[in-house]
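For reference, the structure discussed in these notes is given below.
Letters A, B, C and D name the chains as they come in the text, with residue numbers starting at 1 for each one.
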Amino acid sequence: MSPLLHVRNLSVQSPERPILHEVSFTLEPGQILAVTGESGSGKSTLALSLMGLLPPGFQAHGSIRLEETELSTLSQQDWCRLRGKRLGMVFQEPMTALNPTRRIGTQIGDTFRLHTTLSPREIDTETRTLMEQVGLSEAGVNERAYPHQLSGGQRQRVLLAMALACQPELLIADEFTTALDARTQAVMMALVTRRCETQGMAVLMISHDLGLVRHYADHVLVMKDGTCVEQGPTPSVFDAPHHPYTQALLAMSLHGAARTPLTPLSVFTAPS
Amino acid sequence: MIERPNRTLRAGSILLGIVLLPATVITLLDGGHAPPIDVLHRYAPPSLLHPLGTDPFGRDLMVHVLTGAFNSVTIAAIAVCLATIVGTALGLIAAVRPARAIMGLTDLGLAFPPVLIAALLVTALGASATGEILAIALFGLPAQIRITRQAARSILIQDYIAASRLAGRGPVYIMRRHVLPNILPLLTVQATSSLALAILSDAGLSYLGLGAPPPRPDLGRALASYQIHIFDHPLLVAIPGVTIMLLVLGFNMFGDGLRDALDAAHEEHTP
Amino acid sequence: MTGMAVFRILLERLVLLVVASLVIFAAMNLLPGDPAAVMLGLDASPESLAALHQKLGLESSLPARYLHWISAFIRGDLGQSYIYDVPVRSLIGERLQSSLPLILLAMLLSLGAGIPLGVIAAAKRGTLLDTGLMGFLQLFKSIPDFWLAMMMTFLFSLTLHWLPSSGFPGWHAGALPALRALTLPAIALAIPQAAITARFMRSSLIETLSQDFIRTARAQGYSRRGVLWRIALPNALIPVLTLAGIQLPVLVTGTIIVESVFSLPGCGKLLLEAVNQRDIPVVQNLVMLIVASVMVLNVLMTIFVRWLDPRLEADPS
Amino acid sequence: MKTVSILLTVLAVGFPASHVPGTAQAAETRDTLSIGLAIEPPGLDPTRGSSEAIGMVTYGNIYEGLMRLDEQGTLKPLLAQDWHISPDSLTYDFTLHDGVRFHDGTPLTCDSVKFSLLRAGAADSTNPHRAIFSQIADISCPDSLHVRIRLQHPYGSFLYQLAWNDAAILSPASAAQNISHPVGTGPFVFSEWRRGDHLTLTRNPDYWGARPTLRSVTFRFMPDPLSASNALLAGELDAYPSFPSREILSRFAGNTQLQVIRGSFPFKAILALNNARRPFSDFRVRQAIAQAIDRKALIQAVADGDGTLLQSHMAPDDPDYVALPDRYPYDPDHARALLKEAGVASGTHLTLTFPPIGYARDSSELIAAYLEQVGLNVTLQPVEWPTWLGQVYGQGQFDMTVIAHTEPHDITIYDRTPVYFHYHSPVFHGLVEQYEATADMTRRHQLSVQMQEQLAQDEPNVFLFAIPRETVMNRHLKGLWTNQPIAGCPVAGVSWAP
């Protein structure tokens, strides 16, 4: 099977300092690759460079190939055609990642509007189907609701729906379950894995929750200070870590330290 | 407070310096009086004796305008001080109490056209600097109250305020020790920007004849009386106008620069 | 927005209006100067003055006069002008023909120029264009409006003869001459406002562009331009519109000055003249109308902004 | 009476009887006129208010009185074609023109005259000269075209007073609405008034006298000299009587369409002193103040050197005017000495109140500077007209004020009590009494000269200057008043040269 995503020697430089150093990996359709490592190790920058959304002033070198398309030399216009259609992304801050002044149905529908020629009526239908799939309808959430009327988990579902709308080949999920309770987390992951199995969607999952990684990921990539210290199939990395950093990470995880308690964000997740 | 004066701040200071330094020197030398009348030398062109020429009364235009600038800034400064002191006090009260009356009056103040307040005040009190200062202060007041209230509230929700309150500190102590020092930089920036606005107000009011009476030189009044000379003696109209603009621009830039500098300092201390 | 909240806002405004009416009444009736003396002029005899006082109802007590005025105002009766001896209502109606279009035009110009300029500066943030534009706007924010009006008259009407320097021919003279007469005053009025709007628009847009949901929209496939105009702008406009509402009395004030400079027969000039001549019915009713309409517009703006920004609905403060 | 025939002759000249029919040639010349005025009238009823602006629009255009003044200030008959004054100067018999109709269609009769003049003097009248009309004992109507007026006391100026704006003859049917819908007997009919902008009159097709050549005249209210000059240069205005700013007149120099014509008007600028207050009650102080001010320089600065120094309360163009020597020339040293003698300490505080008008503002600023040089500390107090009229003029609460009296023949105000400057002189009072009781013109002139001399000597106020009146108008315009003997701008005789 030819890889869907092929990243070779990717380096990213911020105006102040280097952030990523010579990262290389591949990802095949239907597979889940987990990127893990401590905060500031460059995980999010990696995700953003895959989406072509690095902040202004950041410079990337190396090659990113999505099937035959070389992304690093893509024009802005082509990037826009790719994002949302072939590449989907879910962010980690459910509280702020949605536009507060637009209805969630509109925001989900936007993905269709940007990449398909569906009629408004068809978009409405598709949006409703999607909302059902991610379990929003089940929770009684209407497409006319505004983000502030939703709980954190519900918002994350909206974001997921937006990312999955056009059946992307690659989903980039940046800590997208971190703020959620264990049950919701499981439901969301089930949604994602179903897509992997039925549509061959590949997932690049950024998480420092090693329990989650071990349970869902096919491959693991461990990062430290912008470099990839270890990568391989999940069982082999977890059972026989080579790098001392990985070993340390795993050791901490076993003591339960890596499983962060609920972040302060959870204060806001009470339904309004 | 400010470690690195930025470019805007520096430019603002230079603009203000260009006008205010000579204005202060001349005012100190003359006691703020209008330059002497000399009807034999009316409308004199610029010369060594009169660098910008003379006005319809034969007064030196440069001295007249600079003294006027000093007077305008003085009036604006007093008005802003007044508005800041009263507005901060009321804003702090409104921050801790429901104080519907204060906020209601603030709304009312915002709905009244400022010129009208001035017209009424000036007619009631007679044309005087006092009336004008009160008018300018009055229309700066609502904004001052709102800003103070908002800023104070953002401080009051902090944990250390709750701690201080638990320690049995009264509201006056909390205001004086915690709130005021924290909002002081904001108030300083606000006062600087208000100064620019106050100078504009002073010019407008004097132009309409609602400002301080002669003989003390005033820029707005000078423009009102010189404006018919726009064809035959354009300098008479250009110079006072440009002077007002320099002052307002100077204070605006100074205020902006100050804000940027404070923001920068703030960011450095709270990474 | 709940009915209760609307009711509370309205009640508050009503109380404020009553306070405003008291302030206006007290100010106008405690001022020195005698309207009758103005009407009769230099040679008025004391008997004539007394007769006129009687006729104008200036002899009755202050509370009686206040009640008389305010009850008539509520009925829509604005009384009779002392000076012109015509109904104040028709006087104001006549003047609104130039004042209302002037304010509207100035508002349109200031938003129409200020918003795009602010957006451009924000889009090109940090470039020379942005710095230059902001400096330019800072300059225009600092120019006294009456001086700007003088300079524009000098340039565009006295020197270039493009537009009339003063006066208003009235709408019956045709839309074009009327609009031409309003052009310079509206521009003079709009420029400082546009500068304020543009600077505010810029910072509001920059603030909005740094929000997380912008990145979400980009990840969804929005182009840089699309996200600016379709996602960020509507959100960034909300505080700008709020500001426009707050600036309204400032615009009214500007109208007074600009109408004086361009000798436009508008409400601002009427107000100033009426104050100077102690035409009490005109001042009282006109100011009351201005304050009331500013308040009504503010309430409408509040409701509009709440409608635009659903978050505010949840938070009544 | 001898004057009657003279007046009738002039009447024939002033209102040429030649009814020029509308020939083809006449149709080609312009028949509209646009006149700029500085002040908008507050209303259009001259019998209710004394604002000069009312007269500028209505005098001789909308309203007419029994008598009128011509451009030179000479008294002429108007609605009265003849009159007779009884030897005791108490009874006036007038014969009215026949066939005169008001704009509302009612005919002019003795009853209209009786109504108008009695209304002016009634107890509830707000006529500016109510005091004069209230001296009328009664008015009787022998028939519809004859009027007999009886006075309570002889009053020499009565006939003259009948030519004033506020003696207009009104239609009883419409008098109450005159303030906004004026109805008179004049050659022009009120058409439209856009308050704050302009006012239009159109030709009265049923006018009893000569048919005016102009079809309509528009008065545009343009207080700002700059925009007025601009409108004149652009041809938007045909004329601007009494142009408010001398400094701009140079813009019209060499213009092929416009000319500036100098005329006269009874403008008497004074520094009024409150004679009832110390230190002005002391003659030496008043003299000192007069000598402290360089009035020639004042004329230079305020009127561009283009004015006449006044020594008494009369303008040079008044027929009774006499040139008097300058009794109190500029002499600051003497002024200081006089002040010292009068016990006025150096640094004494005085207030100079002035109304919102250019000459007063400029003069006051200069006077304050001059008085400071002799050791007086002057506070300038600008006030609005209502405050000036109420406090200064009405209640006499002021130290000093600068004002110009612009009414003709008003020297007798110095005998009025109360008057704001509080001048009381038995000698002057005697002169005025004699003057009012005399109908003989020569004797009246002698008395007038004596009054002027008395004022010049007593210096109750500092007499400042008179300035000429400048009219800017199109070169092809004929017949427009360039003098202003009374507030008015009658346009019945105005025409465009082909």
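Here, contacts are C-beta pairs under 8 Å (C-beta built on N, C-alpha and C of every residue); 3 or more make two chains touch, one makes a residue touch a chain.
Quick caveat, the model's predicted, so the values are computed rather than measured.
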Checklist entry - If you average the C-alpha positions per chain, which one ends up nearest the average over all of them? => result C
Next on the checklist: Going by the touch criterion at the top, tell me which pair is linked by more C-beta contacts: A-C or C-D.
Outcome noted: C-D
Checklist outcome for this item: Chain centres from averaged Cα atoms put subunit A and subunit C apart, in whole Å, by 51
Checklist outcome for this item: dist(centroid_CA(subunit C), centroid_CA(subunit D)) in Å evaluates to 40
Item to check | Between subunit D and subunit B, distance of the C-alpha-averaged centres to the nearest whole Å | outcome: 46
Next on the checklist: Averaging over Cα atoms per chain, report the distance between subunit A and subunit D in Å.
Outcome noted: 90
Checklist outcome for this item: Multi-chain touching residues of subunit D, meaning two or more other chains, are 226, 356, 384, 387
Checklist entry - Residues of subunit C that touch two or more other chains: which are they? => result 32-33, 158, 276
Item to check | Two or more partner chains touched - positions in subunit A | outcome: none
Checklist entry - Pairs of chains that touch, anyone? => result A-C, B-C, B-D, C-D
Checklist entry - So in the complex, which bits of subunit D are touching subunit B? => result 225-226, 245, 247-248, 250-251, 297, 300-301, 356, 361-362, 364-366, 368-369, 380-384, 387
Checklist entry - Contact residues on subunit C for subunit A in the complex? => result 211-213, 215-224, 226, 231, 234-235, 238, 308-311, 314
Next on the checklist: Per the contact definition, I'd like the list of subunit B residues that touch subunit D in the complex.
Outcome noted: 34, 36-37, 39-40, 42, 56-58, 123, 126-127, 209, 213-215, 225, 227-232
Item to check | Residues of subunit C touching subunit B in the complex | outcome: 12, 15-16, 19-20, 23, 27-28, 30-33, 138-139, 141-147, 150-151, 154, 158, 246, 249-250, 252-253, 256-257, 260, 271-272, 275-276, 287, 290-291, 294-295, 298
Checklist entry - Touching subunit C in the complex: which residues of subunit D? => result 42-43, 48-51, 123-131, 179-180, 194-197, 220-224, 226-227, 230-231, 234, 356, 384-387, 389-391, 393-394, 405, 407
